[in-house]
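Same chain, two partners: subunit A is paired with subunit B first, then with subunit C.
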Partner chain A sequence: MLVSPAFIFVLVFFVLPLIFLLSQSVLPEDGGFTLSGYVDFFQSRVSRIVYLRTLKLGLIVTGICLAMAYPAAFVLARMPARRRSFLMSLVILPLMTNAVARTFAWLIILGRRGMVNQTLLSLDLVENPVRFIFTETAIVLGLTQLFLPLMVLPLVSAMENIPDDVLEAARSLGANRLTTFLRIVVPLSSDGLVLGATLVFTGSVTAFVTPAILGGSRLLLMSTLLRQKAVILFDQHAAAVVAVVMILTTLAVNLLLRLGRVRQA
Partner chain B sequence: MRSKPIVMLTLAVLALGLVGPTAIAQDAQTLTVSIWGFNLDVLEENVFAPFEEMHNVEIVLDTGNNSDRLARLQAEGENSSIDVVHFATQFTYIADQAGLLQPYDADSLENLDELYDWAQDPLGNQAGVGYTVNSLSLIYRSDLIEAEVTSWADLLRDDVAGFVSIPEMSTTFGPAALIMIDRALAMQALEEGEELGDINYDADLAWEALPQLADNLVTTYIRSSELTTLVQEEEVRVAPYASFAIGNLINTGHDLTTVVPAEGAVGQTNMISITAATDKVDLAHAYIDWFISHDVQEAEALDLIDSPVNATVELPEDICALLTCGEILDTMTVLDQAEVSDRLEDWLERWNEVMVR
Partner chain C sequence: MVSRWMYISLVILYCFLLGPFIIIFMASFGANATMAFPPQGFTLDWFANVFETSQFIDSFWVSLQLALQSTMVSLIMGMPVAYALTRFQFAASGLVETVFSAPILVPGLVIGFAMLNFFVLLGDMHVMTGLFIGHTAILFPYSVRVISASLRNLDPYVEDAAVSLGANRLRGFLLVVLPNMQAGIAAAFVLGFITSFNNVPVSLFLSGPGVTTLPVSMLSYLEYYFDPTIAAVSTLLVIFTVLLVQTAERLLGLSQFV
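Right after this comes the complex of A and B.
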């Protein structure tokens, strides 16, 4: 009985809209069941480029977040509670600032008159300002800053549950720090890894504001393509196809991560 | 214990019963207007409050951007509570094609004849009246660009490469910019003694030149605020700009020069239309007639909210310079929205093809 409200909520506000979206992608207004929307999507060179670019950026951001978050989470999980609590609040601070404001800050930092270019110019490392914004690098930077906390939090939570005894046992049996980390810490924190990687990857491939501002309108991603279809062309069928492809991609990546974890276990 | 909820429910039903007829009576005296959420305080003073007093009605606002409000109108269909809707021409066209609007009756609009011809019936089927106009012309950093910018084709020049921005094809002014570049290239290709013909809506020359233009672009922009930031951060030195953004661009403090290109500026009206769902047709006509009247058009212009389309309005020079009015209207091109909209899907695909390279 207690699960009923939550179940109904998920059903009404998540499952039903998903079913509606899926049906819109295969049941256009002017005809019966068709997969033509998906065929058109994957036959279009533009869509393929946009899809692969989105996938690539999502994977890069997830990889960077993983590489940065793992050592940080390991150290945080082993800290005294009060210090950890203070540092954790610093970690989640970016999540508490407005996405547009945060992204515009990057625009100012990376712009021609920004801090980075001013430093490079003053050190005579470049003759003219370097263009950082409106590049894939800028998008990766912005998304990494945005989603890093989502990787750190589940990893810290998972690593807190690894008993110190286990690590000491590994070391006493001759494992060095790297071996202990790779063969003990990583497998035992794989739940956090899967959760964090799923959150970061899903967030990265569906983000709109950050890619739109830091990448500019020329660097189309799936989210900006979806906007074109939905609010410019009012082509709900094509928009639903883009949305479903995005959902299926994130589900597939989540599944792969889970499978990888099972094998590792 | 159980009686309490029942009593509350009974009271609620009774309350509804008492309030219901009053609410319905009030609804008969309301006019629901769908409009952008900008400058509502000024609109209240210039437009809504006097209209409410004159007609003893209450204006209820539905605010949002074009696409959000159009989506709402589409979703509600015949049950929509919207009586009158303000849209950019592009969205009026989509709404009209979807059967969401009803034609206005010219005889019911006393002030219609006072409007410029292009504002009286922008879509040619009485789907709405143009009540203000925005223009797109060029702005550039005269301290950083040596040779004067005088033409839409100057966006293709080598000396501005890497510092150009244009409106994204998916925006109101995106197709307009491309069409004007095409017109400029057509003018350059004229033999001596030849005259420039009508607008070529296929914009073949501009499409041919688009890869070259793409190489010159820093990025495209969707909102005018983005252009302002790009100019502020010195990423952009030359760009087409919408007239309503001039204040923010000037505030960047850079040495900016505005240009009405040799081929002219391009104008885009915002329109008011009557929804198909409304039964308050007379009141809706009265609202439109009031909005295009000399007094409202003048008040809106003096507050720098809307450029007037009522030809009887005369403005001080300093005000006129900040709006789409005066000499710019002589050479301004107003595009046929049907021609543009019918090509938009294909154009977006072609545009994306070039831009994703």
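Right after this comes the complex of A and C.
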């Protein structure tokens, strides 16, 4: 009874549209049930490249976020509470600002007359400005900046729960810093690691704003491909296929990592 | 245990997280008409341009109205769900939890696309109504989660005491539970507001001629113009967000719910 108004809302306005989307992907406007949309998607060279590129960049971004956030999160987790809460609010701040604003900064940094190019030119390292925008590097940088907080937050809250005594015990029993880190800190913070990696990866493979600004139509990812099929090519059937592949990809990643976590526990 | 290179990694992390904001600030006051770096001179022209561009002003009001409405409705409808999930054990609670966390698992762009096609199927729908439905649906997971967390912190015996002293369940909820949840509700409100206010992917497909949200209109401005006006809008938005979040943090301790 208490649940019903919201439940009906989500059912009608969220679940039904998704079922309709699914049906659109297997029922083209002219004809009956077919999986040809999916066959076309995976047979087309362009969409295969886009799909693999999306997954590849997602993995790279997750790896970079992990490498940047892991040691930093450890320092944050060991800090006195007051200083930590101030620094954590600086981590949250970027999350509270819209993606267009945050991605725009990269146009200034990487543009033809941007920061990086001006530096390279003034040091005589290059003769002409280097094109950075519309490259995979630009997208990776943009996505990393966007999703880094989602890696830091779960890592810090997992590491906060490791008692100092455990670390001291390991040290006093003869483990060096690296061993303590690899054999105590990493296993005890694996929940935060898995959660952070899931958030960053699924965020990266579905993000729209960053690939739209830094990749444009020259370097498509799944999200920009979906938009192109729907708005520019008016092919709702093909767009629905792309959308369903995106849903299945994020669901698969979530399930896989959840399974891995259950087995570990 | 904490070594020097770990501190260095902390500094790098913060440069990477906050550096872009500093660059946006600088660019929004720079006098060059194109995006050259470092900016030369000082001007407030770009800020003036923001307020003279009706596209930004109109879409700001759309975003504000949309964020307020969808956050309110998702809270009002989400509160009973959170209450049911934390207070009662029932057969379908697993299903209910899954349904209400689903909007967070489906990519925003896909939600917007699916909803647009569905609304077209339903017939004429006002653009604002479509946006409102889309935003309300994606806010449920946040509302339900934050309010559930604040309900779990509240001792159920307090409510039982009210009931055993003669209040009915509704009175007990309104007079005892609700006042104790103020901080949680306010935190959910701020979180929901910011999520809706910043959303691009869901709004992108659901926006229509003349009715656009601020982030979407920033994105489309970027397709045609490449000047520091967007830096000025971004600067204004950062100031707006910092004020909002700092106020919320001071009053309620927002970060414990994120």
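Here is the rule we go by: the second predicted complex is superposed on the first by the 219 of 265 C-alpha atoms of A that agree within 3 Å, B and C clash if a C-alpha of one lies under 4 Å from a C-alpha of the other, contacts with A are read in each partner's own complex, and residues count from 1 in each chain.
The criterion applied here is as follows: a residue touches a chain if its C-beta (ideal position, glycine included) is under 8 Å from a C-beta of that chain, and two chains touch if they have at least 3 such contacts.
Please read these numbers as outputs of a predicted model, since none were measured by experiment.
Contacts of A:Gly114 after superposition on the shared chain: both subunit B and subunit C are touched. Judged by the touch definition given at the top, the superposed model places A:Phe86 against neither subunit B nor subunit C.
Once chain A of one complex is fitted onto chain A of the other, the partner contacts of A:Phe42 are absent, as it touches neither subunit B nor subunit C. In the superposition on chain A, contact of A:Arg218 is made with subunit B only, not with subunit C.
When the shared chain is aligned, subunit B comes close enough to touch A:Ile232, but subunit C does not. Look at A:Phe134: by the touch rule set out above, it reaches subunit B but stays clear of subunit C. In the superposition on chain A, contact is made by A:Phe104 with both subunit B and subunit C.
The larger set of touched subunit A residues comes from C, when the choice is between subunit B and subunit C. Subunit A residues in contact with subunit B (one complex) as well as with subunit C (other complex) are 104, 107-108, 111, 113-114, 212-213, 227. Considering their complex, residues 1-3, 5-7, 9-10, 12-14, 16-21, 23-24, 27, 34-38, 77-78, 80-81, 83-84, 96, 99-100, 102-103, 105-111, 113-115, 117-118, 121, 133-134, 136-137, 140, 194, 197-198, 200-201, 204-205, 214-215, 218-219, 222, 226, 230-231, 233-234, 237-238, 241-242, 244-245, 249, 255, 258 of subunit C touch subunit A. Residue ranges of subunit A in contact with subunit B, taken from their complex: 44-46, 49-50, 104, 107-108, 111-114, 131, 133-134, 212-213, 216-218, 220, 225, 227-228, 231-235. Put simply, subunit A touches subunit C in their complex at residues 2-3, 5-7, 9-11, 13-18, 20-21, 24, 68-69, 71-72, 74-76, 78, 85, 87-102, 104-109, 111, 113-115, 118, 144-145, 148-149, 152-153, 167, 171, 177, 180-181, 202, 206, 208-209, 212-213, 223, 226-227, 230, 236, 239-240, 243, 246-247, 250-251, 254.
Those residues of subunit B that touch subunit A in the complex are listed here as 67-68, 70-71, 74, 94, 162, 168, 170, 214, 217-222, 226, 229, 233-235, 344-345, 348-349, 352-353, 355-356.
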